[in-house]
């Protein structure tokens, strides 16, 4: 079949093969399991890098098509469901991000116990869903992979989690599934209005080019889809699954979830909700702008009072992901590019945060900053890593956070209307609050006197932990030092969306 | 004509009502089976009457009635067997005693 | 009369043949070889299932009382698959000594009810339909009472028989009204003669017919017998009851409503069905949330599933019909997987409570895994078949186009969250909970394993392999003339 | 490309940071220290090469028709917001940049050298974290140099953040001590708040002018500050206004707030005194000589824009003048010598700010606002000299603290006999800052006063008064440390002059402080690159020297020999004294706002709301479902008759409702 000549499909096949491999190393011991997992992860990273090269090559060769590497096979002819693949700059960088985080996650869960095999099985099922979501441009296929990515969370948190895990796992799963319930109706609605001349389609590009969804229906369907994805994007007030979920999830799962899964929300919001329904998007933007604007400051303020490390990062994720949706709703290339940069940056640095927290927790068996202190003496490597993650998250130039946030703020400020500008300023003010809670944690956790004498005997990171975190730190630094490389990949991908919006929304250019 | 039709229909519906009432009120399962028979028979009467007065040219109603009677007989036999079973277990045939499975 | 018409009903005849052979075996074979009977039946039925996949001649027989068309043909095959699984799973059970003496009857009655369902599916005349309905429902009472030594079994049977007879009385009352209006019992004649009717009599008739068939489908509020019977009856019977008779009833329900009362869709029964669907899905879920006994739990889950199946009917289009048949097929596999696991565990340990399943994954990983797949499929989680069937049936419903139906689908979708909750409860018990006195390892009989494996493959493959649905779609396209009156 | 080797000045410190930071832990402490000093030495040499070539070299394209050009050495894209609005990271050399290169590298080198001794115990063994210390020093130097050679506003912002972070890391160097911890947090957050305004300012300015680049904002075709360019940049805002003021005025004010945060202008000054928790060399480098003047540098960079937006300039003027007095007043009563020096730093930076602000109005600016830009030159000049003598003073203080292990001056008294070199160096520093000819401070401060008198008599008088106070408090400190009474030795060994690594920098800087005044600043760092004709205004100079002498005499009278005069004065105006000693309770105010208002008043309620209202709502949904399912279980009563009853009611209701809906 010609589709197997498309490199994209292997982003789904490799995790599946890894699943098979794990299934077969039944009781061959932890070593075999690790080997299979690492092989799978490395293969994914290699493929992702190769994909970036392909993309740059194609663009360099003057291929200006909206999506590259397109290919499709009909799956369910009666519903025009296709296995349609294709990537633009955004999905390329998202895939790259996912690959790296999967890689780091495998090493972060090196000593996973109990049932390591089952853990990696679910872990790779999850990543199958994630990659499938990013490579497919067919409504149904996307949605299917989306849910494939959601459900393993339940077992991953429930079985391998900590704390109040049953409650958190159930809450997370139900809230996300609730979101996808709205989403499913929205997608069905889009499908039935996908074309004026009766030959319906599920292919996103075709729907966008037909531009046939009646305005009245857009007003119904846009909220359904946007909220459906927004739940996963931790949009206020649908974010409450995130603190509990992250607090209970095991390290690698928090990494993958905050690092990649929450990005599905933002990605879907612009790829489906806004791109396909520009009219409703521009009509209803103010509602969601307000909500996301709230979640930016709201998350930051709530993070200031938390004492559990994971809660702090969960709330800061609410703030940062709020910034992603916020920027997407600004409807201009700069802000949207900033949104994707922010997704990258937040994905990497939150994964880093959760990895470090998991490692610290694995040693101290507490996540309450009041019981910890002076960790810098005891575990300098983890300490330095944490400081770097913190600085990235409060936007230190040279690390990823700064470039992303600046692009978002300047992009948002391009909109001339006062409403958006006031929101922009409010959002920008979050950089101060972020500094407050990050420094609070760093000072309490790493600096100061050692609180608990037992901590003095703890060890610093082991080699696989160092590898896992170093990967993330280096990627964060690379994005921070050479943002333009990514900006050039990303920014063109937004031209179709912005053009679609132009008719309804006056984009104030510079 | 219609009058006579109604003269048959109204009693049959009344019979049906009686059956329902008996089913809902009586304790004894045998009595309940009898009220079920009432309901079924009223249905049979309906068919016969409709056939005889409205569509005299054909026999669908009549045949339906025949089959319905047979089915009713089968049901009664089965129900009776089960009631006996219950009786063996609980030594009574009070329908309000069989409440083990609920909620 | 011309006997060649019997050629139109090869499946019925084949089933009858199987029945007779089983009966002969049961009656005349010596005692020592009796314990081969279940296997014999199963193999025989397997052969018959394969045979009945052979495309047969289509057309009307007996003056149009009986119709064989692709839809009925495929529907019967779907049921055959289900019954085959049920038989596979009941072999070991039916040899356990407290039922061994009567095992013959079990299989004979089972096959008879299946014959009744064939008639329900193919009948185009209310007399034949009623005969089929009763043939399909009366033996169930006897089957429910099968495990005589358990009191619950008898109580279940009693409750079933009384409510069943009551509902058939109501049903026949409704038919009598129809007859009174149209003077015929042929579906087509009735349909033509009630076009344009909007009389109270018609409405009452439709309501009673819906009530009568809704009883078999256990739609709320005609469902109250379901949980008790499911809980009391032997698991094999319960599984049979929950999938096979539901499937047959659903299909014939579609035929009756669309073909007979099609002209009354918009102003009469669309709204009746609408209300029933909302009630069924919601109340079914609400009841299921609290259940700890797994058989009772699956009873309520099957009630809400029936609500989803009804979405395929209210859609009144070929997509709805196709997706309904597909849904039934998928539902058969998922539910039978669940019941298979329950049956194995009940046979081995007699435990059916959710709390007994705590930590099952550590002791019986494969059983737990199968159960989890079943639950995910029922809850509509990709990539398992249940997700596809749910999505398609929603699409089918939305194709009807009115905003009201979109709202209905939204309600159904919101309900899927509740259903997901209680399906996950089972998964939670098996995977998340730790229990020192968990059920020890069970080595299940190879027939049971075979049954479970088949259903697992069904769950995984049915969705991914799009050919199945394509077939259904083509078939329902070929019989779309039954929607002529909509 | 001329001067392209300037890149080395940036690259070497960055490399040193990475190298020492990554490989440092593997090396011995001494080695890292030496490597750090060497690296800095190389950097300094190159930087001097660059600066001198720029100022005095020829054929480097930096002087065209008598005007010193701004030379953009190179300027690659870093982050492109839109096709037109692009952030670049480059190197730009113009008079003030070149001057800052010298300042930064000199002081930094001195501090690197000095730290070899300071960061070791008395036996010369480097203390823990030595590698980290030098890595951070390198990082700071890199950031500061990157800041001064910035080619565009955004690059300045980027390096503002970088210096902020490195200052955070260095203040918190002794991270075990809660005080250092708290101080570092405070410093970062306060400056971050200021940077927020800076960011807003950039946003607004770049939105309306469509560029960050100085070449399009202020530099004319001839490569020097050009009023016409600034005019057109402002004009490109199209006269847009917000709340009555032109948007550019808003932007420039916000940008000034950003600078004020770094330069510790009132009321954003509160972080600087606490920052003294860091190692003293760090205070000398960051919080006296270089980073704290970044604000002044920023305003000087955008000087032409400010000249046009007089409103913003007025704000700067008032804030600067007030801060100068305020800080000087506090400095008069501090007992911790580092804090006293910190406040004197604040006061001196305020001098520079004020001088910039007054310069636009001095005389009648000739071309547009015309004028000589005397204040501009004076401010830059003072920046230069101040860096030298304030670094000197801090390093002396460090030597003293290292000797007596305390910051409190009552632990010092009468050290003159024990540490003569330090004493003399300190004296030179004091004379310089007090503005006694021929020391450096005199020349620069005199120009400032002249400029101030140009703006108006009041301003001149005010600044002269502050100058007098400066002389007073500096000599107060000097006398209290070195004289007042005999030093009683209660440590196991008597204080003495420190090893050469620490003394050498003192001597060098003292020498510089003596001669720096004779640098021809009016030729080198004028605002428009032209030579500026100045002659000493003897009235002003004389009066200022007189005032300074009065201050010194007063200090001598009060503090040279032990007496009870100070005590009596304190009691006389005890209220005022206490208020000044407690820095007029600004910190308490901030404490109240941050903890009571923001934390207790906003964060805690929001967190509660999140857990109990929003989360509670979703839990409520779940509970509602549960209770509903419990409520309806009665339907399933188990009695066949009730089942049938419900069945019948259902069927009849179905029929009845439909009849009502359809037939009626």
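As written, the chains take the letters A, B, C and D, and residue 1 is the first residue of each chain.
Convention: a contact is a pair of C-beta atoms (placed from the backbone, for glycine too) under 8 Å apart; a residue touches a chain by one contact, two chains touch by 3 or more.
Note that this is a predicted model, so its numbers are computed, not measured.
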(message) Spelling it out: a chain qualifies if it touches chain B and also touches chain D; which chains qualify?
(response) C
(request) Could you tell me which chain lies farthest from chain A when each chain's centre is the average position of its Cα atoms? (result) B
(message) What's the distance between the Cα centroids of chain A and chain C, rounded to whole Å?
(response) 42
(request) State, to the nearest whole Å, the distance from the C-alpha centre of chain C to the C-alpha centre of chain D. (result) 78
(request) Calculate how many whole Å lie between the centre of chain B and the centre of chain C, each centre taken as the average of the chain's C-alpha atoms. (result) 27
(request) Round to the nearest whole Å and give the separation of the Cα centres of chain A and chain D. (result) 37
(request) Could you check chain C for residues that touch two or more other chains and list them? (result) 158-159, 162, 166, 227-228
(request) Mark out which residues of chain D touch at least two other chains, giving numbers and ranges. (result) 633, 636, 638, 640, 644, 648
(message) Two-or-more-chain contact residues of chain A, please, as numbers and ranges.
(response) 174
(message) Per the touch rule above, enumerate the chain pairs that touch, sorted by label.
(response) A-C, A-D, B-C, B-D, C-D
(message) Looking at the complex, which residues from chain B come into contact with chain D?
(response) 20, 23-25, 95-96, 98-103
(request) Enumerate the contact residues on chain A facing chain C in the complex. (result) 75-79, 81, 140, 144-145, 147-148, 151, 154-155, 158-159, 165-166, 169-170, 173-174, 177-178, 181-182, 184-185, 188-189, 191-192, 220
(message) Considering only the defined contacts, which chain D positions touch chain C in the complex?
(response) 625-626, 628-630, 632-633, 635-636, 638, 640, 642-644, 646-652, 654-655, 657-659, 661-663
(request) Please name which positions on chain D make contact with chain A in the complex. (result) 77-82, 84-85, 87, 154, 158-159, 161-162, 165, 168, 172, 175-176, 178, 181-182, 184-185, 188-189, 192-193, 196, 199-200, 203-204, 206-207, 210, 599, 602-604, 606-607, 610, 614-615, 617-618, 622
(request) Sort out for me which residues of chain C touch chain B in the complex. (result) 126-127, 130-131, 134, 138, 141-142, 145, 148, 151-152, 154-159, 161-162, 164-166, 168-169, 172-173, 175-177, 179-180, 183-185, 227-228, 231-232
